[in-house]
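Listed next: structures, encoded as structure tokens.
Both complexes shown next keep chain A, but they swap its partner, so chain B is in the first and chain C is in the second.
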Partner chain A sequence: MAVKTESNNGLAICRVDGEINISTSPDLKKTFDKLIAQKTPKIVIDLSKVTYVDSSGLATLVGILKNMRSYGGKMRLAGMSTKIKSLFEITKLDKLFEIMATEEEAIAGL
Partner chain B sequence: MEKEIVIKAEGVVKKFGDRTVLNGINLDIYRGETFVIMGGSGCGKSTFLRHLIGALKPDSGRVSLLGKDLSKLQEDELDAVKKKIGMSFQSSALFDSMTVGDNVALPLKEHAKLDKSVVDIVVKMKLELVGLRGFEDLMPSQLSGGMRKRVGLARAIVMDPEIVFYDEPTAGLDPIVSGVIDKLILDLSKKLSITSVVVTHDMKSVFSIADRIAMLYEGRVLEVGTPDEIRKSKNQMVQQFVSGSPDGPIKFFQQKDDYLEQLMK
Partner chain C sequence: MGKVPPKPQKSLDITAYPAYNTPTVEAKKISLKVPSEIKSIGKVSSEVLKSLSSCGIDEDKSLDIRLCTEEAVRNAIVHGNRSNKDLYVKVDYWVDKSRFYIEIEDEGAGFAPDRVPDPTGNSSILKESGRGVLLIKKLMDRVDFNEKGNRIRMEKALG
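Up next is the complex of A and B:
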């Protein structure tokens, strides 16, 4: 898994590539811990190149959202495949996250 | 589309002393199905289950799990395969000195280096799936038998397994709670696309959850089929077991002569 982050005017766009699983989710958390420590106001996580997310990955994303909300930050998820979206639906996380079809849609109005 | 075999047993034989418990079992189990192994007490079904999870090695024959021949794997390779399976034990096998949450979290803490905050969220998600969210801080002794089973189930799925094995999931439960557990097994299998292998002799449970059924008798597979095929089976032993009749080809007592012979040995 790799994460490329692009920050501009308080908005961080994080493009994740690969699997978010039990081995890689600690690295994902570290990446976002830095952005959260800086109290980044807006984060868009582009999941269009993510092939698999396990429960530890979902929990890591929930943790990021929880930490962002603690200082009033906003976060959106974008570009997830139908298969990954169904995981969010099973775990009811689709009601917790703002999920947009594309990165552009996620950025608009954030 | 061709079905993918995730478990393959080929000529599995196991003896304990001079008693042959498994006598050449051949079985294919496909991805995504709920496969029930049924048979009377002592027919070898629990011993067979222990072979499928790599806890026992056959004297001859082999078991392949997710394409790997278990008998040829090194310990670390076997551990890697075992991370992809979950096991729900007959007794629930919860640690009484640990909270519900810690019991569910145990495999994650053993196999992964996750932050406690992440583990706590995974535990909540799994307990929600078995209808026990909010019970994290209770001790197992504060739960009913059915709730303990559900905690055991949450623990079995905490690592997102591809296959879950259930050993007598409804044993000792009343009919309503048994129905709840059956529904949960079905829900989890469908929602999470898990292959489920259930060992049971609870006939109501067998017919409500199985996609396919194998009946074991004296260490051999008598018949494999869909619930409908098993119901209509012409095999008298299968019919006797399904109907629960004490009279038929399956003998529950040894012959009188054997008994007298044994007394005189």
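Up next is the complex of A and C:
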């Protein structure tokens, strides 16, 4: 799993590549801990290159959202596959997160 | 007239194997025993995926089975055996062209699956754990626990 982050004018776009699972979730959390420590106002997480997410991955994303909300930050998820979206639907996390089809849509109006 | 409350469901004792769709004679049983460490999760799912691949199972179903296997092995290691490396997780699985069956057993005290809080409720949705059993129940066709609650059996149609 790798994350490439591009920050500009208070918006961080994080493009995740690979699997978000019990082994990789701690590294993902560390990446976002830095952005959250800086109180980054807006974060878009592009999941279009994510091939697998387990319950640890879902939990990590929930943790990032909670931490962002604690200082009024906004976060959107983008580009997830139909398969991964189905996991959000099963767990009702699709109601908790703002999920957009593409990174461009996620950035627009954030 | 008020609604009649549903009867509490009793977990099935999966010791009685024929209670399930018994694997066909072609289904080969594969057994693994892994220590209670996180890297064991990937080891078990890799073996399962190899077997599914050799049977030509499609990627979508393989992903569901991988996820449920990893969630169940993780629960066995973390919650069942409390990550005690002296304790093991036993896995038996069968694959044939039409069905996949797996049993995962830990050496812990067991748990009551019907007492796991609903992770989709308003009070739980922001919790950072507790979604594994829900995913398993939704993605597999049949899921049961033994009476003690230290063994899960899952089944999924592959055809």
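Heads up, the rule we're going with is that the second predicted complex is superposed on the first by the 110 of 110 C-alpha atoms of A that agree within 3 Å, B and C clash if a C-alpha of one lies under 4 Å from a C-alpha of the other, contacts with A are read in each partner's own complex, and residues count from 1 in each chain.
We adopt the following convention: contacts are C-beta pairs under 8 Å (C-beta built on N, C-alpha and C of every residue); 3 or more make two chains touch, one makes a residue touch a chain.
Everything numeric in this text was worked out from a predicted model, so none of it was measured.
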More chain A residues in contact - chain B or chain C: C
Contacts of A:22 with chain B and chain C, given as first, second, both or neither: both
First (chain B), second (chain C), both or neither touched by A:59: both
Contacts of A:96 with chain B and chain C, given as first, second, both or neither: second
Contacts of A:41 with chain B and chain C, given as first, second, both or neither: neither
Chain C-contacting residues of chain A that also contact chain B: 22-23, 54-56, 58-60, 62-63, 90-92
Parts of chain A lying in touch with chain B, wherever the complex brings them together: 22-23, 25-26, 29, 54-56, 58-60, 62-63, 90-92
Complex contact set, residues of chain A against chain C: 21-23, 52, 54-56, 58-60, 62-63, 65-66, 83, 87, 90-93, 95-96
Chain B residues touching chain A - in the complex, by the definition given at the top: 108, 111-115, 117-119, 121-122, 125-126, 128-129, 158-160, 191-192
Contacting residues of chain C [partner chain A, same complex]: 38-39, 41-42, 60, 63, 66-67, 70-71, 74, 119-120, 125-129, 131-132, 134-135, 138-139
